[in-house]
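You will see two complexes here that share chain A, one where it goes with chain B and one where it goes with chain C.
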Partner chain A sequence: MRTVFKTSYDADINLFRHGAQRGWYILLLVVMLVLPLGVSSFAIGEMTNLLIWSIACMGLMILVGQTGQASLGHAAFLAIGCYANVLLQERLGLPFILSFPLAGLIAGIAGALIARPMTKLHGIYLAIGTLAIAILVDDFIVIAAPLTNGVIGLFAPDIDIFGLSFNRYANPERLYYLILGITLLVVLAYRNLQRSPLGRSFAAIRDSEISAQAMGVNVARTKAVAFGISAGITGLAGALMGHFAGIFNNETFNIIISIQLLLAIVIGGLGTIHGAFFGAAVVALLPQAISMTRDLLNQVLGGGSIAIPGLESAIFGAILIAFILFEPSGIYGRWFKIRTYFELFPFYRRDMFRRQKSYLKTERMR
Partner chain B sequence: MDVLQLIVSGLANGCVYGLVAMGFVLIYKATEAVNFAQGDFMMLGAFICLGLTNPQFMGLPFWISVPIAIAAMGAFGYALDLVVLRRMFGQSQVAVIILTIALGFVLRFAAGLIWGHEPISLQTPMAGQYVRFGGLVLGLNELIIILVTVALTVILYFYFNRTKLGVAMQASSQNQLAAYYMGIPVKRIHSLIWALAGMVAAVAGILFASKGSIDPSIGLLGIKAFAAAVIGGFGSLPGALLGGLIVGLLEPFASRYIAAGYSQIMPYLLLFLILVFRPHGILAQVHQKKV
Partner chain C sequence: MSALLEIDNVTLRFGGVVAVNQVSFNVEEGEVFALVGPNGAGKSTLFNLISRIYDPAEGDIRFDGESILGKAPHDIARLGIARTFQNIELFEQATVMQNLLVGRHRHRKSNMWTELAFTPFVRAEERRHREAIEKVIDFLDLQAYRDKYIAGLPYGVRKVVEMGRALAIEPRLLLLDEPASGLSVEETQDVAFWVEDIKKQMGITVLMVEHDMHLVSAVSDRVLALADGQMLSIGKPHEVQNDPRVIEAYIGVSDEKQEVPA
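And then the complex of A and B:
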């Protein structure tokens, strides 16, 4: 077990807790940078998809993990970001480098505006409200067909930055590096947010709204800001998803995607950046893993290729049920426990991370 | 006459929404948890009844398979609480919401495996029969849906307010610890309430199936029923029915008088407005405690 001696006030808010931790993250970055040299272009595409999903998961994580507000409607912000990005490029002729941040901004403003009347709600009411928003945005895309082309959908042009073109098929490595850079920026922004006063007030609201209020946090405004930031980052992910998919319509961002996003961060581990990445890995790689397993089974058993509809979401659901029952703190929580076990080697006790028993009281009588 | 016809079919639809919404409310009222799989419970109930009744499966008489389906769903609800949800005791609401969403995925998959994904219609004795009131032609099934729903609502209302078990259910919801002190077996009460919700869902499913064909994805109707429960006031049984009726009536009139595309968003728009202006629904259950 490493003991960190804090010798300056900055030690509490440093980006890394100690030198070894910094070393590991630099190693991870190096691995990510050299990855395209060693793997096939298919694998690079999958990694790119994973990174895009991680950005979306981080967006939702700020709201759910950091501020403690449930949202079942984040696909709406994916859609807003995606459509805003492509429409700004096609209708106004803006370059990607402008339209991409603007798309995030538009999604963020939309999120903050929507959140403003909903900050009165919490718990399930908030979940339902956001669910309604996801459905409304889906239908709105169909209604606004002259702009959004309705159910037929839109084509996303290739990303073009100062003459450099990024295409998923023509040059997957370039797209991978671009998205890796964006992911890195988002992680840095997230990390900085966590250690800023705003991030602290998010955590205060998550842990207890009443005590946050007593500490002088403006709960309604902070929640709206959290919604805005979360929607903004999700919007960025949506813009990238649009470019990655190439073609999209209202169905691309349906209610199932919102739910999957929420499930992903729960599987990954709520409240941590690691959790966003682990969850994204599960969501992004599960379909491939299932189809590979199926191919393998078919080879071994010699059967034809049988497609079972709904298998993917069923396996996803089963994994999720197992996690909520047996490891509510997600993949990251499990990893943390294993790490602690080895750090403290002979002294780890089973009840170290035991949850406290609690009893529910009704929300209806306050 | 046209308007009356729309009203009756809207009411019949609304009753199904109301019944599913009531399942939400039952569980919410007693365990403070929200069961997002309620729509899938309804689907499962409908399919169990269909599997027992339809000739290509078991071919039992309709009036025998209905009670079996209801009992099976009750047992399913009880077992589900016993095996899965009891472990969630005392955890946050959001965890339960996510758990039940995942459960919905699994149920939909299981139903698809057993009964296939093609729409099938339940063969009921009421199908295709009509009742004439003057110039008005009403489907017998629609009338039965309305009657059954009203009867069930009244029974549940009295159950919660007059019987010992019903009051115990309310008590265990309001304060679990205090309910323990009063000698209420809170965990068994929770299992019973899940059983009850399963049974109500089975009734809703059978009624829904009597109106048209069903497939495993009808569970998504749960979202609309959810909207209904919130519009009426989450935590209030009459409110759930009221909300269901409002949504049910809103739909046919919206699709008739408002341009296509706009009409199907009306329930959600109403939900959104209710959440903004009257967050706890029309028949609110929230009482501010006086200091």
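And then the complex of A and C:
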């Protein structure tokens, strides 16, 4: 077990707890950077998809894991970000480098505006309210057909930054690096949030609204800010999803996506950045894993290629139920326990994490 | 000099129940003022009135000469009124340090954008907040628990952390809701010393609700006894303790006594 001797307040404030931790993350970054050299362009595409999902998961994580507010409507902000980004490029002729942050900003403002009435609701009512928002946005896209092209959908142009083109098929590595860079910026912003007063006031609202209020935290306003930041980051992910998919319509961001996002962060581990990545990996890679397993089984068993409709959702649901029953703190929680086991070996106790609450508290006295 | 906190003829009703009935008292700057009374007397309700969680039906509450009835609940901390809760309301999924730092929220000068970018200014502010917290940690002897999660801490320590969080606000008035409930004799003695020091060293006025009469008489300058939302008696601790109306409210009056014509 490593004991960190803190000699200054900066040890608490810095991004990394100690040098070894920094080393591990730099190693991870290096691996991510050299990855395109070693794997197929198909795998790079999958990794890019995973990173986009990670951004979306981090967006929702800020709201659910950090602030303790449920949302079943985050596909709405994916849609707003996606449409805003493409429409700004197509209708106003803005370059990606402007339309992308603006799309995030528009989604963020939309989130903050929606939050004002929404955050008066708690728990299950908030979840239903946000679900309604997702349905409304879906319908609005159909109604506003002159702008959004309705159910026919829109084509996303290639990302173009100062003449440099980013296309999923033509130059997958370039797109991968772009999105890796954006992901890093989001992670940094998320970390900065966690170590600053705003992030602490989010956590305060999550754990006890009444005492957050007594500490001088404006609960309604802070919740709106949390919704805004969350929706903004989700909007950025939506804009990238649009470019990645190439074509999208109102169905691209349906309720299933909202639910998948929420499930992803629960499976990944609520309240942590790691959890967002683990959850995104499950959501983004599961369909591929299933089809690969199926191919393998078919080869071994010698059957024809049998596609079972709904298999993906069923497996996803089963994984979720298993996690809620056996490891409510998600993949990250399990990883943390395994790591602690080895760090403390042989002194790990089975009840070591007993006293830590495993479920997110959203139903406390307010 | 006017009083720091003035409760002026305050009444609060919950439906047909009068929780606080025409209560008036002043808390002077620099004193320790205790509210005592049996369960349901309206002590915690008074705290919630001062915290602006409830609106009084009648009357006025003034802090430093100004009415606080127009203020939002989150503005109360900014005025310099800090409080603790009877059933500890800490942020469980955070460390002691983070809990205390939330107490510094009133002193936040950075905004969302500078914090997302974590500018050097935000870092300097963070250091400053931690230096301020350090005084509280030293004062309450919390060094050992600095990076521990609340969820794993014993009750007595949580009680102290909650007091620390209120002190981190750097208040002028500290509301302590049963600071010694559930504590052992030694821990209660600690609380007595701390309350003394909060008053003398930090110059913070204390208004507390407490059932432990030893603690109350040891630390408080004045006591107000309440029962069923009514003011029974106000004065020095021993005066209030010996007031027949207070004794009646706590213990009741035997039947024989009642038959004796007064």
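Throughout what follows, the second predicted complex is superposed on the first by the 354 of 366 C-alpha atoms of A that agree within 3 Å, B and C clash if a C-alpha of one lies under 4 Å from a C-alpha of the other, contacts with A are read in each partner's own complex, and residues count from 1 in each chain.
We adopt the following convention: a residue touches a chain if its C-beta (ideal position, glycine included) is under 8 Å from a C-beta of that chain, and two chains touch if they have at least 3 such contacts.
Treat the numbers as computed from the prediction; the structure is a model and nothing was measured.
Asks: Is A:G268 touching anything from chain B or chain C once the two structures are fitted on A? First, second, both or neither.
Replies: It touches nothing on chain B or chain C.
Asks: For A:G238, decide between first (touching chain B), second (touching chain C), both and neither.
Replies: neither
Asks: Just chain B (first), just chain C (second), both, or neither: which does A:P328 touch?
Replies: A:P328 contacts chain B only, not chain C.
Asks: Could you say whether A:M118 touches chain B, chain C, both of them, or neither, answering first, second, both or neither?
Replies: So A:M118 only meets chain B here.
Asks: For A:G104 in the superposed arrangement: first (chain B), second (chain C), both or neither?
Replies: So A:G104 meets neither chain B nor chain C here.
Asks: With both complexes overlaid on chain A, does A:P36 touch chain B (first), chain C (second), both or neither?
Replies: Once the two structures are laid over each other on A, A:P36 reaches no partner at all.
Asks: In the overlaid three-chain picture, which partner chain does A:G279 touch, first (chain B) or second (chain C), both, or neither?
Replies: In the superposition, A:G279 touches no partner, neither chain B nor chain C.
Asks: Share the list of chain A residues that count as touching for chain B in one structure and for chain C in the other.
Replies: Shared contact residues on chain A: 357, 361, 365.
Asks: Could you please specify the touching residues of chain C with respect to chain A in the complex?
Replies: 51, 53, 72-78, 82-83, 85, 89-94, 97-98, 101-106, 108, 110, 112, 115-118, 122-123, 125-127, 129-131, 149, 151-152, 165, 169
Asks: Using the touch rule from the top, collect the residues of chain A that touch chain B in their complex.
Replies: Its residues touching chain B are 64, 70, 117-118, 120-121, 123-125, 127-129, 131-133, 135-136, 139-140, 142-143, 255, 259, 262-263, 266, 308-311, 313-314, 316-318, 320-321, 324-325, 328, 357-366.
Asks: Report the residues of chain B in contact with chain A in the complex, numbered from low to high.
Replies: Within the complex, chain B touches chain A at residues 28, 32, 34, 84, 87-88, 90-91, 93-95, 97-99, 101-106, 108-110, 112-113, 117, 173-177, 180, 216, 223, 226-227, 230, 234-235, 261-262, 264-265, 268-269, 271-272, 275-276, 279-280, 285-289.
Asks: Would you tell me which residues of chain A are touching chain C in their complex?
Replies: So the residues of chain A in touch with chain C come to 9-10, 12-13, 189, 192-193, 195-201, 203-204, 206-208, 210-219, 225, 229, 271, 355-357, 361, 365.
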